[in-house]
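One structure is given below, represented as structure tokens, and several questions about it will come after.
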Amino acid sequence: MTVLSIKDLNVTFSTEGGRLHALKDVSFDVPERRIVGVVGESGCGKSTLINAILGLLADNGRVDAGSITFEGEDLTRLGPARMQELRGQRISTVFQDPMGALNPVLSVGRQMRNIQYRSGRSRSEKDARSEAMLRQVRIPDAQAALARYPHEFSGGMRQRVAIAMALMMRPALLIADEPTTALDATLEVATIELLRELQQDIACSVLFISHHLGVIAELCDDVVVMYAGEVVERGTTRQVFHTPRHPYARRLLECDPARQSGRTRHLPTIPGEIPDLRQRPPGCVFATRCDQRVDACDKVPPDVAVETGHVARCVLAEAR
Amino acid sequence: MFAAVSDLRSNERTRTMMRVLREPLGAFGIALVLLMVGGAVFADLLTSHDPSRISPRDRFQAPSLDHLLGTDHLGRDLFSRVLHGGRIALSVALFATATSLAIGVVLGLIAGYGPRWLDAVMLLLFDSIKSFPTVMLALALVTLFGPSLTAVVIVVVLVNVPGYARIIRTQTLALKGSEFVTAAQSMGAGTARILRHHIMPNVISPLLILASMDIPVVIAIEAGMSFLGLGVRPPTPSWGSILNDGFTAIRDTPWIAIAGGLPIILTTLGFTFLGETMRDLFDPRLKRRT
Amino acid sequence: MVIVSVAMLILFCMIYLIPGDPAAVALGPRATDAMREGLRIKMGLDKPVWVQFWNFFFAAWQGDLGRDVLSDRLVATVVMEQLPYTLALIFGGISWSVALGIPLGCWAAVERGTMADRIVGVLSVAVIAVPSFVVAIYALLIFAVALRWLPAIGAGEPGDIGDQLVHLILPSLAVGLGWVGYIARMVRASMLEVLESQHIRTARAFGLPERMITYRYALTIAILPTVTLLGVGIGQMLSSAVFAEIVFARPGVGKLVYDAILTRNYPLVTGAVLVTTILFVLLNLLADLIVGALDPRVRSRL
């Protein structure tokens, strides 16, 4: 059973320099109770993907084609009212920046109460629920914490409060947008463990966005590799990390500092830059930076299923 | 009208004007300003009435073809008084703004380029003056000098200079550490030369836009002081004194007050709309200043 | 504190430089030289400048502002009698500007780029540009003289709150109208900034209703700079209050100072201006305290 199924999603933004094709033919599934990681460099379309799922694309952006099916409903066709009902209740989000994600002038308790505005519970019931959630994310003295303001918490605590808020309504899907990037390493590990624990407890699926390969490998069941607004490879974490089939995914894994042996003097990088998304190359989007380029790369590459559930968008994928 | 505009070369100036004209608000502002300036400049051509001639037989006449805006309690023609009042208002505005700019620039450069302690003293002085309500300042100065246009100019200068000097000071401080000033210093340029050739050209244009936006404030100060009897002396026409004449007789002859207030409203609106448009077009950074 | 002291110094210098003999004014033209000399000694005018200044400074800090030259009453008493009227006028002006400015600015920000936004923008600029005394006279003309909806002069019957409020409507509108524009612009600008911030995005991602986001989450932050702006603007409002008090023939500190200066009643001038300056400083402090009450980040720093 899949919770979220994205099919051939295309998103464009109208800009002064023409239409910017931010997501092109993006397809992947988030199965029930699984953690799916999305990895890619900055500018690869991760944020656009989140906004498209949440129905919060900027005014100049729109979904041109494709579908986002969540629990049987196509989110791209839902009206704003229904979309708003789903957000925070069935689909919830934890954002990257724990400093800016909480409202600075409302107490934590007030903000948590507001999130439950639809529940029909009494005020004390809501506060009891908030307190229980804070306790679950291991905020010390949860009852007193409700009366405090975001700036009175440390960065790591603030991120845990944000997680508590996101999971308050027991959503079916949690989107985590680089939730640990702003934290230091020890907090990062603790937060990841907390996320996994809560995911099992609430039995939700997680879409985990990160550029940190180590975290993805640690936490995720499945991986989606994005490049320049396209899904270039997807599969189970094991498949993608052990036998990457797309040249970009391979280079990305090679570039991960954690994989370098101690003797390497400098980190390998991928030469070149992401192409201008207003003028996408006619063929493979990675062709300009690819070291295995062949003539066939000038045509649109197919999505090649190399194994069950393991797909790469590369003409060379089957040949290997 | 605007030193900022006249500084530019002529083709640039035309382009500047075209850009302002393309904005509806800017075009409206220019139209109002031209109307008021034209009325003041060609006052003698537009009306044959002497603004100061007292004619007891014609007291309190309602607007008519002969007296477009009616007459006041001394039988003077209000239309003529409004046009000639415009001369006073606009010349005071220009003169006072130019004076405050000159003083503001000098003080700002001294504060920014001079020793630290002087900077601190001047800032404290600026803040103290700024926190004083303008009217209290005006009242106090008038007791010193007696009601006159000089008093009006001094009040305007006192009100405006702290703001201008502050901007010049900030910009000067920012530029003081910059590379091209250091380079000039290392080549042996004297302080006066650095100030004139390297710092002034960089700080002057935002200041000119601000000053042009302050013109309505200056007009309001002149009119306000004349309204209180602290500005121009009685026979001289001023929008403020017309307004005061009208206020005294507001129940029976409201047109006098209307005649005095309308030019103030139109002129301040005209200059403000023009200034806003210019600022938005040429210096969006200033937009945050409220 | 520093500002009050500097203001006192400036005040004293000004008063000292003003030509005219206060003793002569007080006693009128028929007084003898001996009488004037006697009063001069009583007022301390025979002493050297710095002694005069020290006396003035020292006495002022103890609340002794001297005596009204004309009526010989204590300046402090005379000023305090008039102060409530001016305070009511200023708070009336603030009420107008807040009651109209905040909703207008908020509306313009939510509807940004639309016709409504542009109209609010132009109106704001317009009301800022027009001087308050012109507003006062036109308001008097329209609502009191032509339409006869509201009273034209005075502050209302003492003790009758309703009547006093009715008399406050037009003068306070004259004081506050320009500030409607300032506040509308300020609120619009800070609303646009706040609506872009990360926590608003989070609130949307939690599915909170747009109304709640606008008013509870964004506006509560966006009005903070407005409070500070109002505190700084008190000085300007005092200026407008002088005009409003004269046009509407209301009692008040502004009118008091105006009359006192015209009659060279210096102790009253210095006293009233000093009280005004202190008031200005206190109201600024009040604005800071209000910001503290509204913003927990500032509160924890206090």
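So that you can tell them apart, the chains are marked A, B and C in the order they are listed, and the count of residues begins at 1 in each.
We take it that contacts are C-beta pairs under 8 Å (C-beta built on N, C-alpha and C of every residue); 3 or more make two chains touch, one makes a residue touch a chain.
The structure displayed is predicted, hence computed values, not measured ones.
**Student:** Top contact pair of chains, counted by C-beta pairs?
**Tutor:** Of all chain pairs, the one joined by the most C-beta contacts is B-C.
**Student:** What's the farthest chain from subunit B if centres are computed as the mean of the Cα atoms?
**Tutor:** Between subunit B and every other chain, the largest centroid distance is to A.
**Student:** Using Cα averages as centroids, what's the distance between subunit B and subunit C in whole Å?
**Tutor:** 23
**Student:** At what distance in angstrom does the C-alpha mean of subunit C lie from that of subunit A?
**Tutor:** It comes to 54 Å between the two C-alpha centres.
**Student:** From the C-alpha centre of subunit A to that of subunit B, how far is it in Å?
**Tutor:** One centre to the other, that is 57 Å.
**Student:** Touching two or more other chains, which residues of subunit A qualify?
**Tutor:** none
**Student:** Mark out which residues of subunit C touch at least two other chains, giving numbers and ranges.
**Tutor:** Where subunit C is concerned, no single residue meets two or more other chains.
**Student:** Write out the stretch or stretches of subunit C touching subunit A in their complex.
**Tutor:** 197-199, 201-210, 212, 216-217, 220-221, 294-297, 300
**Student:** Going by the contact rule set out above, which residues of subunit C touch subunit B in the complex?
**Tutor:** 2-3, 6-7, 10-11, 14, 17-18, 122, 125-126, 128-131, 133-134, 137-138, 140-141, 145-146, 182, 185-186, 189, 229, 235-236, 238-239, 242-243, 246-247, 254, 257-258, 261, 264, 269, 273, 276-277, 280
**Student:** Once bound in the complex, which stretches of subunit A touch subunit C?
**Tutor:** 54, 56, 84-89, 92-93, 95, 97, 100-107, 114-115, 117-118, 149, 151-152, 162, 165-166
**Student:** Across the complex, what residues on subunit B touch subunit C?
**Tutor:** Going by the criterion above, the answer is residues 25, 124-125, 127-128, 130-136, 139-140, 142-144, 216, 220, 223-224, 227-228, 243, 246-247, 250-251, 254, 257-258, 261, 264-265, 268-269, 271-273, 276, 288, 290.
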